[in-house]
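For clarity, chains are labelled A, B, C, D, E and F in written order, and residue numbers in each chain start from 1.
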Amino acid sequence: MAEQSIYFEDYELGSVRTTTGRTITETDFIVHAGHTGDFFPHHMDAEFAKTTPFGQRVAHGTMVFSIGVGLTASLINPVAFSYGYDRLRFVRPVFIGDTIHTCITIAAKGDDPKRSGAGRVVERCEVINQRGEVVLAADHILVVERRDKA
Amino acid sequence: MAEQSIYFEDYELGSVRTTTGRTITETDFIVHAGHTGDFFPHHMDAEFAKTTPFGQRVAHGTMVFSIGVGLTASLINPVAFSYGYDRLRFVRPVFIGDTIHTCITIAAKGDDPKRSGAGRVVERCEVINQRGEVVLAADHILVVERRDKA
Amino acid sequence: MAEQSIYFEDYELGSVRTTTGRTITETDFIVHAGHTGDFFPHHMDAEFAKTTPFGQRVAHGTMVFSIGVGLTASLINPVAFSYGYDRLRFVRPVFIGDTIHTCITIAAKGDDPKRSGAGRVVERCEVINQRGEVVLAADHILVVERRDKA
Amino acid sequence: MAEQSIYFEDYELGSVRTTTGRTITETDFIVHAGHTGDFFPHHMDAEFAKTTPFGQRVAHGTMVFSIGVGLTASLINPVAFSYGYDRLRFVRPVFIGDTIHTCITIAAKGDDPKRSGAGRVVERCEVINQRGEVVLAADHILVVERRDKA
Amino acid sequence: MAEQSIYFEDYELGSVRTTTGRTITETDFIVHAGHTGDFFPHHMDAEFAKTTPFGQRVAHGTMVFSIGVGLTASLINPVAFSYGYDRLRFVRPVFIGDTIHTCITIAAKGDDPKRSGAGRVVERCEVINQRGEVVLAADHILVVERRDKA
Amino acid sequence: MAEQSIYFEDYELGSVRTTTGRTITETDFIVHAGHTGDFFPHHMDAEFAKTTPFGQRVAHGTMVFSIGVGLTASLINPVAFSYGYDRLRFVRPVFIGDTIHTCITIAAKGDDPKRSGAGRVVERCEVINQRGEVVLAADHILVVERRDKA
């Protein structure tokens, strides 16, 4: 994990970065259920899951989101903080054994309504499976200091 | 965990439900870091955290979201599914030892643009700490079958 | 998780409730061994297990009990507490991939020898696998307040 | 972990063995809740717990049982198997930071009604805290082969 | 777990002990990554692993070492402490589903340069898989009190 | 996590890199015991630990090693692999609440006796606590491809 100050001016519209991948295992399902308390049979009961349209257990949406975001946590930017997410969508199911990675595109930049010395950067996050399909999408809103605060 | 079919027509605008509470422990911080791979020192390094404005380690936003949502997972509604979240905001930090619960308000109802037999319900989710402060807010979008599909 | 006061008088002899199911995974075996410190090769060593009559790893009895009981933890009854268990029996082995649920029958009611304002309720707990076989049975003894304490 | 064949005849009425100790941590509370799905606020919500007679979170009974039994898992006896438990009682609460060990007394021996080549041994298990108080008691029933099967 | 004082004089050159076995599961991979923060795709990404010479995910070296050593932790020797390890070598890969045990040979004994009342004992540790192949080797250096300190 | 090919020629003798820090929590103790099966009371029993010279629980050596090494896992070098470790020493105890980071110095370079196209690089690893004291040291031996293989 490295630290690097990346200012508002440094974010380049349209630039893209891609993370390493990670296979989502049955263990991750169990850990996430135990961590959050969500033991819905869609995630935890293989017999029940056979009777659903998916035919198997599906990952918690909050897990795909948390791991998808976690995959991007490689560089500390001390001049930015996370404001929130817009348009978080569960696009496709994730099954045990799927391998996901995350693709980040700088999708928008703008003023921050409350802080003149900072701007807002929107990172379009797409979590993608081993078949190249987007399984989750979300717009991450960062508040980033401007290098030139004058 | 019980199962109950709640149709689009059954959701009452303005109705509120509140979950039981849960104390966020140092263990939860460690579990979430290990689950997501996000070991940023803001969450994991007590010495570093002393040098930040908060003066102590702060919870991962994705953890507050996942546990906050997990607290609501008590009733299976087989005629609804989760479409996604809008306006997810990290309003205040959560520290080790804080106790959170979630408050759900039925905030909006409308047609589903793609499915005439279903509607959209917006649940306003607020995760609240032991001092009554909102620490996280998000709009959960449910797609729910209509009882009367004609 | 909801809270509801159910008094001694409210428990109906012979009434039955059934939980949702949960698949017992290899992960659960590993978590339980690590949680309890019981790393006996019957649970942990697939090569050794091939040489036993079962031919594969079997779940810890304490795990089947803990998860079987955990499945019932959906409704808080503030006027009852758990006194203990009688006749806990490990009836059949549970293997990786089995799916269990718990069936609770109100099997007996009686006076509490020490508390005139309360009675004892015996819940017959049966943990049942995907083939409908009982794998664990136990009698749970509850001490429950009487509505009419006069 | 060693293996040693201890036959029915070898169990000596009244003999006692004592395990090493283990401190029950907040982590164990979180792990057990996540493992079993029992997130009752008595175990998980420090604010709620302040309003109860104990004034703090109490350990799950199933956890004290599982860890108390796990502490005894140091010697594999290939000629015995666990039949079940009688009179499992939650005698006193266990709090975060308590240190427990288990004391096993050979309390009874007798014929096995179904197997002439084996007998039943009752191990009285007492889980004891750092103040020497029994917090959990149970009678463990073992079915053990007889050395002399004639 | 038992306690037994084994003095420097008691260690017999060439004597060997062997532990019980343990199957290394996908869960162990996930737990170790989460515990250490090492999410390298060689351990975590099944798709990437297919493109490597091994063709599948391989265990972290630190995990094979930690579990291999952990398997030996059955007897507390209050008159010895661990000084360190020499020549720790990752000899062969460990894959999901492999079963390992550890074999300890007393390989050397000598004076302790700093403590006349103690000596050094070298335990040759070999972690061995289900095909009898050594997967990890290391020399464990113990400092052990002498019975005869004169 | 980034990937970068660093060849034998690129390693500079004496160059140093330092990782971010991480606080070792009681949770890490519990996770490591459960992961490895080492429940020695020196790590797990706070009452016992009070009677030892350290006066409190000490971290498993294998955990300090695994986490100390894990902290360095930020950059994938596809032209290097880990051969093993020499002179692994447990220099000072690590207690609950200590914060560690790892300091890596390129300490030696040399030919690889078996591979002419590669060389050996020795990384001196020092795990350091919040008081600047070395708690663990080890020499990590890497086998690294030469850029110039002629």
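Just so it is clear, contacts are C-beta pairs under 8 Å (C-beta built on N, C-alpha and C of every residue); 3 or more make two chains touch, one makes a residue touch a chain.
Note that the structure is a prediction, hence the values are computed from the model and not measured.
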- If you take the mean of the Cα atoms for each chain, which one ends up farthest from subunit A? D
- Using each chain's Cα centroid, which is most distant from the centroid of subunit E? B
- If you list every residue number at the subunit C and subunit F contact, are more than half found on both copies (same) or fewer than half (different)? same
- Query: For subunit D and subunit E, what's the span in angstrom between their mean Cα positions?
  - Reply: 30
- subunit E-subunit F separation of Cα centroids, rounded to whole Å: 16
- Query: subunit D to subunit F: how many Å between their CA centres?
  - Reply: 38
- Where subunit A touches two or more other chains at once, the residues are 1, 20, 22, 26-28, 31, 34-35, 37, 39-41, 76
- Viewed as a graph of touching chains, is the assembly arranged as a line, ring, star, complete set, or other? complete
- Item | Interfacial residue positions of subunit D with respect to subunit E in the complex | 1-3, 19-20, 74, 76
- Query: Mind pulling up the subunit A residues that touch subunit B in the complex?
  - Reply: 1, 22, 28, 31-32, 35-41, 60-63, 65-67, 69-71, 73, 76, 82-90
- Item | Touch list for subunit D against partner subunit A, complex | 31, 33-35, 37, 39
- Residues on subunit F engaged by subunit B in the complex (per definition of touch): 20-23, 25-28, 31, 97, 99, 130
- Query: For the complex, which residues does subunit D have touching subunit B?
  - Reply: 26-27, 30-31, 34, 39-41, 44-48, 57
